[in-house]
Amino acid sequence: MQAVATKLTGRRGDSLLFEDVSFSLQRGQALVVTGPNGAGKSTLLRMLAGLLPAESGTFVLSGDDGVAVPVAEFAHYLGHRNAMKRELRVSENLGFWKDFQRSEAAEGLSIDAAIEAVELGGVAHLPFGYLSAGQQRRIALARLLVVSRPLWLLDEPTAALDRRSDQLFAALVRDHLAQGGMAIAATHQPLGLDDTRSLVLAGRHRAASGSVESWS
Amino acid sequence: MMSHEDFVFLSYAATAVTLLGLLLLTVADGRARKRELAELEAQGVRRRSQAPGGPRP
Amino acid sequence: MMALLKRDLAIATRSGGAAMLGVLFFLAVVAVIPFGIGPDLNLLSRIGPAILWIGALLASLLGLDRLFQADREDGSLDMLVMQDWFGLVATVFVKSLAHWLATGLPLVLAAPLLGLLMNMTALSTGAVMLTLLAGTPAISFIGAVGAAIAVALPRGGLLVSILVLPLAIPILIFGVSASYAAVTDPDPFLPPFMILSAITLFFAALGPVAAAAALKGASD
Amino acid sequence: MSDTTASQGWFTSLANPTRFLALSGRVLPYLAAAAVITSVIGLYMSFTAPEDYQQGITVRIMFIHVPAAWLAMMCYSVMAVASIGTLVWRHPLADVAAKSALPIGAAFTFLSLLTGSLWGRPMWGTWWVWDARLTSVFVLLLMYLGLMALHKAMDDPARAARPAAVLTLVGFINIPIIKFSVDWWNTLHQPASVIRLDGPTIHASMLYPLLVMAIAYTLIFFTLHFMAMRNEIWRRRVAAMRRQAAQSIGGETRP
């Protein structure tokens, strides 16, 4: 399985946020997108997830046999918000997403196992709204575990997390990569992942052309 | 056509049903709350006022 | 998709839910009519079906703006939109259905009580209930389009009503005319009722598709 | 109504919920027993009372209709007093009392409307008229339901307490309107016959069963109200414990 982006261009209003962004990821690889505020990190990730149309360029996810597969069914997107309902219990929230995003390809973790994996054992019966911001973010990460999808698209995944939870998150991503997954994360903070590729969005807004330093 | 007795009977029956229904709902609600309390206590959660040495750091 | 229906119904009935609000609004709207036009029971029973229908229409519109907005605010909407086309249309259909079950169906069940207050005959009340049962789903389905268009707007609530009311007029026309046809003798009940049912089926097909298209376009 | 001043007494003396739980737990069995006994006596008396020469047997509906209407108003008065407690002394138990009285008040209001309707049909020939008394009681029902919706709309009960208290007090103007509607406006509903300045105009053979039923209803109200208050206290306790449980899980404070 690999993910290939070719000459992606992102635009907000009249200004081009980035131009000619190209990269390719293989199984077990992660890409960290960095850059100043407003450089278009979120735009890029939403574009990859298919939530925004690309101005130009393509992003193709293809299976091991080389046939393209729909990103919507093979990628998890974690945005700024947690996609959980305050009034429902944690177990109900995760159970809903497990049912809703279920795929025939691979089973994810059970709800309890996912909650354990983010080290919040015991919160399953609590309404989501009772949790602190950091706990809520960790449950949002647990959503990625209850349904198994190869590509993770993470927008500021560690927002609201303390240092210890940062490490927890890095371990989760490492496990995911070790199992042959891929991850693309936009973040200001170092993720503590070794051997990652990085993509720097310079954040020079220009009407005519943008500048992108490619990943090393 | 309903006789006057029917109206009287209906009034009393409706009153009985409503009040008994309210009573049953209240009792059921109380049982459910007590069960939740017992569950939480079984998990070792205590009220702040019961916690030894006040709130934990 | 059953999971989505279950979730939306659970949210509607839990604390903070909107399930009871629609019925209360219906009750309040219909109850103020006699204050406005006076307590003439003959007049009330004559205009009763129309009042009930207008009240039900307004109550159905209530809460429609939250249909997608709540999901947008907590980020769930991204995951709902991140599906293939069929999945998204089915999602909108299920969400509209859940909205109807939580707000539309209680209106149908509350109608007899209001029929009594309006001094309507049993036959007339029954006809209104039947037409509401057949017609109110159409409001939820077509309302989903307005809700999808207004999802990102700050004052979406009023806008949804403005967008949806004109589209809901045919529902009102045939709903009310079928209700009256049931009690006034020469008019047949079935033709307007069949048209009403046809409108519901048509909107059940059109609404989710149009709303899905609007949601795809609105995700920014 | 004397009960409302008495209720103010509990709120100050039973300052903390735990003490209220203990005390109400002891009182409840007696209260429930008294309610059952008075209800039985009241029911017996209302069925042995003579029939009215005008209204025939339907006058028996009065014995459950009138007390329901009284209780609907008294319950709202209890809530109004509790609301003052919430706003002035910020007493947590006052909010519990106001909130848990809501469904009971709504039930009594509903019953007074329903039995009135069942009485009106044979007497007036219609289930419902939009006269001042009936309409104002209907408005009372809407206010009960609206307040219930307000409480339901907030997931944190502490945040609903003050707005609900303000709304309850504003809505209290409806209570005198209900009481005097039959005197101020010319209505189909008969004027007051028991609580009047110049004494009751109703015959003793009907007055006594009515009063006994009123006492029975009052006892039923307080029994249900105490039970509902205990439930509400437990509900809030569960919520508090859950919040606390959420805090202690996940080791955010651990190194």
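The letters A, B, C and D name the chains in turn, as written, and every chain counts its residues from 1.
Simple rule for what comes next: a residue touches a chain if its C-beta (ideal position, glycine included) is under 8 Å from a C-beta of that chain, and two chains touch if they have at least 3 such contacts.
None of the values given here were measured: they were computed from a predicted structure.
**Q** So which chain is the furthest away from chain B, centre to centre on CA atoms?
**A** Relative to chain B, the chain with the farthest C-alpha centre is A.
**Q** Which two chains does the highest number of contacting C-beta pairs join?
**A** By contact count, the leading interface is B-D.
**Q** Quick one: most central chain, C-alpha centroids?
**A** Most central by this criterion: C.
**Q** Using mean C-alpha positions as chain centres, tell me how far chain B is from chain C in Å, no decimals.
**A** 33
**Q** On a C-alpha centroid basis, what's the spacing between chain B and chain D, in Å?
**A** 17
**Q** Express in whole angstrom the distance between the two chain centres, defined as the mean CA positions of chain A and chain C.
**A** About 38 Å separates the centre of chain A from that of chain C.
**Q** Rounded to the nearest whole Å, what is the centre-to-centre distance of chain A and chain B, using the mean of the C-alpha atoms as each centre?
**A** 45
**Q** Which chain B residues sit where two or more other chains touch them?
**A** 43
**Q** Could you check chain C for residues that touch two or more other chains and list them?
**A** Residues 15-17.
**Q** Using the touch definition from the top, which residues of chain D touch two or more other chains?
**A** Touching at least two other chains: 155, 242, 245.
**Q** Judged by the touch rule stated earlier, which pairs of chains are there in contact?
**A** Every pair of chains in contact is listed here: A-C, A-D, B-D, C-D.
**Q** For a test of understanding, state which residues of chain D touch chain C in their complex under the given definition.
**A** For this pair, the touching residues of chain D are 117, 126-131, 135, 138-139, 142, 145-146, 148-149, 152-155.
**Q** List the residues on chain C that touch chain D in their complex, please.
**A** Going through chain C, the ones touching chain D are 15-17, 20-21, 24, 27-28, 31, 34-35, 39, 41, 44, 116-117, 119.
**Q** Taking the complex as given, what residues does chain A use to touch chain C?
**A** 46, 49-52, 70, 72-73, 75, 77, 79-88, 92, 95-97, 99-101
**Q** Provide the residue numbers of chain D that touch chain B in the complex, in ascending order.
**A** The touching residues are 56-58, 60-61, 64-65, 68, 103-104, 107, 110-111, 114-115, 118-119, 121-122, 220, 224, 227-228, 230-231, 234-235, 237-238, 240-242, 244-245, 248, 253.
**Q** Can you list the chain C residues touching chain A in their complex?
**A** So the residues of chain C in touch with chain A come to 1-4, 6-7, 10-11, 14-17, 73-76, 78-79, 81-84, 219-220.
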